[in-house]
Each structure stands twice: as C-alpha cells, then as structure tokens.
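Shared between the two complexes below is subunit A, which pairs with subunit B and subunit C, respectively.
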Partner chain A sequence: MPFVTDDPNMLDDWLLVGPTAALAGTSERQPHATRLLGETLSLWAAADGTPQCRLGAQPLAVQSRYGYLWVCPSGRPARPFFEFPEYTEPGRRIIDCGGIGVAVSGLRVIENFLDMAHFPFVHAGYLGKVPHTEVAQYQVKVEPATGEIWATDCRFWQPRASAAHDTGSNVRYTYRVMQPFSAMLYKSSLRPGAQDAIGLFLQPLDDEHVIAHTLLACCDDTSSDAELIAFQQTIFGQDKPILENHAFKRMPLEGRAETPTRGDTSSVTYRRWLRERGMRFGTRAAA
Partner chain B sequence: MTVRLYDHPLSGNCFKVRQMLAWLGVAHEAVPVDFYPGREHKSAAFLANVNPLGQIPVIDDDGFVLRDAQAILVYLASRYDTQGCWYPNDPKLRGQVAMWLATADEVTRTASAARLHDALGYSHLDIEACRSGARAVFRVLDDHLAEQASAGLRWLAPAPGPTIADLACFPYVALAGEGGIALDEFPALRNWVWDFRHLPGFIGMSGIFPAGPA
Partner chain C sequence: MTNPHTSTWHPVAPSADIRPGANIVAGFVEGQELALWRSTGGAAQAWENRCPHRSVRFTLGQVIEDRLSCAYHGWQYAAGNGQCVGIPAHPTMQAPRNVCAKVFGAVDAAGMLWVNLATESATAPPSLADAVPAGWHFCRTLALRAAASGVREALARHGFAIDAASTAWRGALGKVKTVALLLDAQPQLAFVHLWTEAVPGSDAMRTLHAAARSLRHDVETRPQG
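And now, the complex of A and B:
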C-alpha cells in the first residue's frame, strides 16, 4: 500500500472521501480528485451511477452511504458499516454543511466534539455561557455488539443551542463514536420528543490534516438551509483555531502528557478505545 | 431603519461590515448566504439580483444597494459616524485611508485566498503563491506599523484612533494562520492585531476571539 500509514485501523475501514454530490458530471476520463492518507484518488460515477475509485492504476473499494463516498483502502473492511437510521427517517431534513480543512490530527477533532466543558468558553453565547460551566456526571460505555462508544445522560445549559433557538435551554445530549474518525451527537430539538442528529465525519488527509464534514439530520421546520449551515459553520469555526493550536498536532495515547478531569469521561474512554485497537495513525508516540 | 447585510459567518469581509455596524450602533438584519458549500453567491439569482460580481458582503440600506467591503465601510462611516472618527474628513488622511483600503484588497487576494484553499477546499488556487504574496504585503504593513509606533502612533493612518483602514486590513491578517501563514516574523503587525482585538466593542468572529475582560 502506498498510503502514509500501514495502520489497519485505517486501511481496513471505510474512510470518507467527500460528498457523493462531487461525482456529478464525472466520468472515467474526467474524474474528481481528492486526497486520502497522503495520496490523490480519482473518483467518478459509472454509467449506471455507481461510484468508482482508483489510486493510480489500482481500483479501490468505494461505496456511497449517507450522502458521502467511502473508500476502504485494503478492500477488506474489518467491521460492518455503522448504522445511521435518522438519515432516512421521515420528517428529518438532511443538510450537508460542507467540509472544513483542519490542520490537526482527526483524533483531536473527534475528542473535541465529545467535550462539553469547552462550551462556555469557546462557544460563548451559543452552546454555553460563564458561569454555567459545570459538566454534570454522565454515562459512557462501549456497546458490545457494535464496538461503538455511547455517552448518555449528558446535559448542558445553552444560551442558543441551534439555529432555531432564540432563548436559553437545558439541552440533553447523547454522543456516539462509530469509527476513530466518525462521531454523531443527538441533542434536544424544538420538536417535542425529537432529537436533532449531527454527524461529524472526518476525511483523513494525513496524520495532521483532515477535512471535517458536518451533516445535519434535523427536526427544524423553520430555519432556512443557509441559516442552519451558518450556525454549524459558526460553531465549527470557533473550534478550528483551538484545534489547530494544540501543542501536539497528534494525540498522545500513552503516558501522562495530558491529564483528564472527571468531565472528560468521554475523552478517557475514547483514548482507551483507541489504545485497545492499537491506533497509530494520528497519534503521538510516547516520549 | 435596518440595514440588510448579505452575510456569511466565516467571511472576514462580512466581519468588517458587522463590526462597523456594531461600532456605529446601526441595527442590521443578516441575510445568510450559503457561500459554502452551496456557492449561493455564484447562483444565477444572486448574480442577477444582488451582486453581478458574485461576492459578499452586499448591503441594502433602505433601497440603496452597495457591494464591496471597503466601499461599504466608506459609506457606513460617511453616513453614520457623526464624530467623523472612522473616516476622517481631512485630505491627506483620506488619501492614506484609501491607500490602505486598496492594500486590504491585496490582503484578501493573498491571505484570504490561502485560507480558502486550506479551510474551504479551494484546491485550484496556487497555495504557495498565495502565501508568499501574503507575506509580501504583511512585510509592507509590518514595516509601516513599526514606523508608526516609533512616532508614537498605533494605527495605519496617522489619526488619533483607528480608521476604516485598520478595519479593512484586520480580519485576514488575524486569520492568516488558517491559511498556513505564521505571523512570527511580523511583530508590529502582531501588536496591531492585539490592540485591535482589545478595542472597546470588538465583536470578533469564528476564528478571531474577542479579547477577554481587561
């Protein structure tokens, strides 16, 4: 394999390479080019619409799921594709909020996505507000059947939880990590009993660069697409300089380089989960 | 009276207008434009009805429609700044402000383009040309600000306070890191960014945090 890593956690998994919509107007002779694990891939739609992928002359396994294209570099995926039932649930709006390049290990981006403690500081006036800084205790477990991490019973007071909110509210969250580079969150929406789903899917360019794609499967009946996208990009744009200014671009999994607190239960579980898989891509070797 | 602003949260050029409106105390209504990924600013409807150049920001002030961030700053300051601080009515100062407004376009053409390449997938741009162009214009700004500082002045134009020249040049300097351009070699420029972020009423944007309480 010519890729920048030989980590089976990456090569034997389905990795995102961009929105399926990028294949519009492509053909084998005029493919769409994108980056994955240090290489440039060619992607196009065959006459019957099925996606095709090549690295140089080498065909790669590719499929379209949830509006995105996914490539398995080795062609031998170690796990079945994760479920995302909200994607096709009637009554939800599916909005691609675009991919934003971030110059840091994708593991840092997922860990930040799972963190509530930074809301009042980084997302002041939106997802939190000083002095409402406490992260109440929540539950984290690894689902035996799927191997996914689930954090449940998360609660946070938010001044403006989404594009549809114009006042503060106590918001309930559920987080889910499906792959090292894919996570979702479910949070209270304004539709009674329904939760918005927000997917964060990372396209790994190399150990220290990703394109972060955000997808909404939301229950908002009032906001325009542009308003929903603007809200998500505002939030992600606030995270971006924090992510890019990490002292180690790669995540340390061993040793005591970084010290968690009780509010970091999700992060602790995520790092242990990565350690147990022997994750090397995007990690920093112990000093 | 409310000014309508065709807006995008990650646009530094739109930030200039949001910040000017905030400092002038002029209420506005944002019209979110799906700049990315939807490229709404290049849609036929936007080109026909809002801006034939396919750019944001654009304002509509009670039927008066104006495009171009720098032009909008000139208009807003001329119309709503009763103190005449932001666009001072002095021939030499106006000439200098206009010069730095043009320099702001060069900052957009280079540093903003580098950021679009790295953050929003504008992969057709020549990233190294963008970065070296940005460093060249940053060198001009840094030398000028260092000279100003030695004369006891803090801002681009030799006025008592900041002008629209500073506002026009500010965001894509402050966001340069998102285009892979470090400001380490531009100490006077870094001090100016710091001073600007600490101005009373600075609102910030995604990627540029407002300064904390002093």
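And now, the complex of A and C:
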C-alpha cells in the first residue's frame, strides 16, 4: 500500500472521505477526487448509485453510511461499523455542517471534542463563561462489547448551549468515541427528554492534517439549517486556532511531555485506549 | 555560575516591544521557541512557548498581573519560577508542584531583552549594558533567511567588528554609524537588531533603512558555503 502510514489502526478501519452528496453527477470517467492518508482517491457513483473508489488502478473498499463515504484501505476492516441509531430516528433533523480543514493530528481534534474544561476560555459566551469553570467528576468506561469509550454524567454550565438557546443552562453531556477519528456527543436539547446528537468525523489527510466533518442529529424545531450550521462553524472556528497552535502537532501517548489533571479523565482514557491498540498514526514518539 | 559568558546571552527583542502586564511576544533562540512577557512590575520573562498541560503555545494566552494564563484551559503560571498556581477546572484544588512552565534567564540591558537558554538566572554580565552607546536610537529589526554564520560573514564584509565583551557588531551602513545585535533564531533564520546614532525621521535614518534592506539582499542572495 502506498499510503503515508502502515498503522493497521488506520488501514484496517473505515475512514471517512467526505459526504456521499459529493458523488452527485460523477461517473467512472468524471470521478470526484479527495485526499486520504497522503494519497488522492477517485470516487464515483456506479449506474445503480453504488459508490466506487480507486487509488490509481487499485479498487478500494468503499461504502456510504450516515451520509458519508467511508473507505477501508486494506479491505479488511478489523471491527464492524459503529452504530448511530439517532441518524434514522424519527423526529430528528440531520444536518451536515460541512468539513473544515485543521492542521494538526486528528487525535488532538478528538481529544478537544471530549474536553469540557476549555469551554469558558475557548468558547466564552457560548459553551462556557468564567467563573463557571469547574469540571465536576464524571464517569468514563470502555464498553467491552463494542470497544467504544463512553463518558457519562458530564455536566457543565453554559450561557448559550446551542443555536436554539438564548439563556444560560446547566447542560448534561454524554460523550462517545467509536473509532480513533470518530466521536459523538449527546447533550440536553430544548425538547424535554430528548438529547441532541453531534457527530465529529475526521478525514485523515496525513499525520498532521484532517478535514473535520460535523453532523447534527438534533431535536431543534425552531432554528433554520443555516442558523444551526453557523452555530457549529462558530464553535469550530474558536477551536481551530487553538488546535493549530499545539507546539507538538502530534499527540504524545507516553512519557511526561504533557500533564493531565483530575478533570481530564476522558482524555487520559482516550490516550490509554490508543496506546493499548498500538496507535502510531498522528502520535509523537516519547522524547 | 557567577559570571556567565556574554555569548550565551541572546538579544531577542527591543525591551520596549514587551510592555508590563500586557502583551506576549513570540521569540526564537537557536531553535527554541519562546513566549516573552512582563509581569505588571516589569520583570522580563522568557518561557518555553508551550503550556505543560496540552502543549498549546503560551503566546495565545494573556497576562493577568504577575501570571500568564493559557488560552486553552486558563491554567495560570507565576512570573519568575513558572510554577502553575491555578487550574480553573478545579478551583479549590492546589495546583500540583510538578506542573511548571520551562523558564529561561531573561534580563534587560542597553534597551534590549536578552535571553540565556542555559540558566534561569536573571543576572547578566555588566558588559551587556555597553552593547549600545547611551543616547542611540533603535532603527529596526531585520529578519534574514540565512544562517547566523552567514550574517556574521556579511557584517564583517561590510567592515563591522565585533566587541567581544558585549557581542555587539559595530560599524556603519550607508556611512551611518550603527550597532548590529545578531540573534541566531533558527538554523536558517537570523535577526539583526539595528541601533544607530541617527535621529528618528532624519535623512541619516532613511539612509540606514535603505542600507539595511541592501544588507539583507546581500545575505539572502549570496550562495551558501
């Protein structure tokens, strides 16, 4: 394989290569081009609509799930595809908020997504506000059946938790990591008893570059699509300059290069989870 | 070390560029990236430009009195020793002693901020004060895409001579008396801080600016080796 990595954690998994909608109007003669692991792939829809993928002359395994195209570089996925039941749940709006390029290891982007402590500083006035800075204890576990990380019982005070909120509220979160480059969160919505689901799916361009795709499966009945997308892009636009200013673009999984604290349980679990599966792609070797 | 050698003190920026309790400036010395700032009291700080928590650059942060606050999670670090003194996610918890910014020696002398990577001491040799004659004016900092060795050769070609005690290069550019303070920033990046007896706004100052651009062209276009 000519890819930029030989890490089986990447080659033997389903990797996102963009929205399925990008195949509109394509054919084998006029394919859509995109980047994955240092290579340029050709993607198109066959006459019956089935997605097709090639790297040079080599066909690659590809499928459409949850509105996105996913490629398994080796053709031998190590795990079944993760479940996302909210995607087809009646009453939810599904909104692709677009892809935003970030010049950093995707592992940093997922770790940031799992982190509440940065809300009052990076998302001041939206997802947090000084002096409401405390991260209360929450629970993190790895589900034996799926191998997914789940963080539960997370709570944080937010001045404006979503496009639909106009006042502050105590917001409950559940976080979930399905793949090294895929995570979801569930948070309180304005519809009683229902939680918005937000997916963050990263397209790995190389060890230090991703395209971050955000998908909403939300219970908002009032905001327009444009308002929901604008809100997500505002939030991500606040994260991007922080993410691109890590002195080490790749994430250290071992050693004492970085120091976690008590509220970093999700981050610590994510790093251990990556270490235990021998993750090399996007990581920084111990000094 | 009671009398550190002058050559280990690097001129990183004009002192006036870093205001007490205000801005944070990025600096470079021999490949080391720095966050330069001052407490409200004015004491110069030169830290590794990286928060020990998640490695985000300190230069994105803000100065709060005599502390630097990281932009990512608001962790606060004390001027002087770099010790973490506050983690907002756990307001009642005392920050662990092992969380500490990496601190380098920083002093003000002759209108410049000088940094020493080999010491945390804020005591510099008295000879640094003689690097720029009293009453001279700052002209500009020249950024050069070249190794520091190439800049030294160019200064020598232009008739400059180094003063061993202060490491200042003394000479003239465009016949205007000039002191050049050379900073080895990165393998292929050097800075030259130019000071002169010419008065700001004068014809001599304009001549020096033009001669400085000419010096940069000379350095950057000359074949290496």
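Basically, the second predicted complex is superposed on the first by the 287 of 287 C-alpha atoms of A that agree within 3 Å, B and C clash if a C-alpha of one lies under 4 Å from a C-alpha of the other, contacts with A are read in each partner's own complex, and residues count from 1 in each chain.
By our rule, contacts are C-beta pairs under 8 Å (C-beta built on N, C-alpha and C of every residue); 3 or more make two chains touch, one makes a residue touch a chain.
If you're wondering where the values come from, they're calculated on a predicted model, not measured in any experiment.
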Which of subunit B and subunit C A:T259 touches, first, second, both or neither: second
Would you sort A:H246 into first (subunit B), second (subunit C), both or neither based on which partner it touches? second
Looking at A:E134 after the superposition, I want to know if it touches subunit B, subunit C, both of them or none. Which is it: first, second, both, neither? second
Quick one: classify A:W273 as touching subunit B (first), subunit C (second), both or neither. neither
Give one of first, second, both or neither to describe whether A:Y87 is in contact with subunit B, with subunit C, with both, or with none. neither
Kindly classify A:G99 by the partners it touches after superposition: subunit B alone (first), subunit C alone (second), both, or neither? first
Intersection of subunit A residues contacting subunit B with those contacting subunit C? 241
Residue positions on subunit A within touch of subunit B in the complex are 19, 33, 96-103, 211, 224-227, 229-230, 233-238, 240-241, 244
Under the definition above, what is the set of subunit B residues touching subunit A in their complex? 7-10, 32-34, 36-38, 40, 118-121, 123, 177-178, 180, 205-207, 209
Over in the complex, which subunit A residues touch subunit C? Could you list them? 117-118, 120-122, 130-131, 133-135, 241-242, 245-248, 257-263
Per the touch rule, the subunit C residues reaching subunit A in their complex are 33, 49-50, 52-57, 59-60, 71-74, 87-91, 93, 96, 98-99
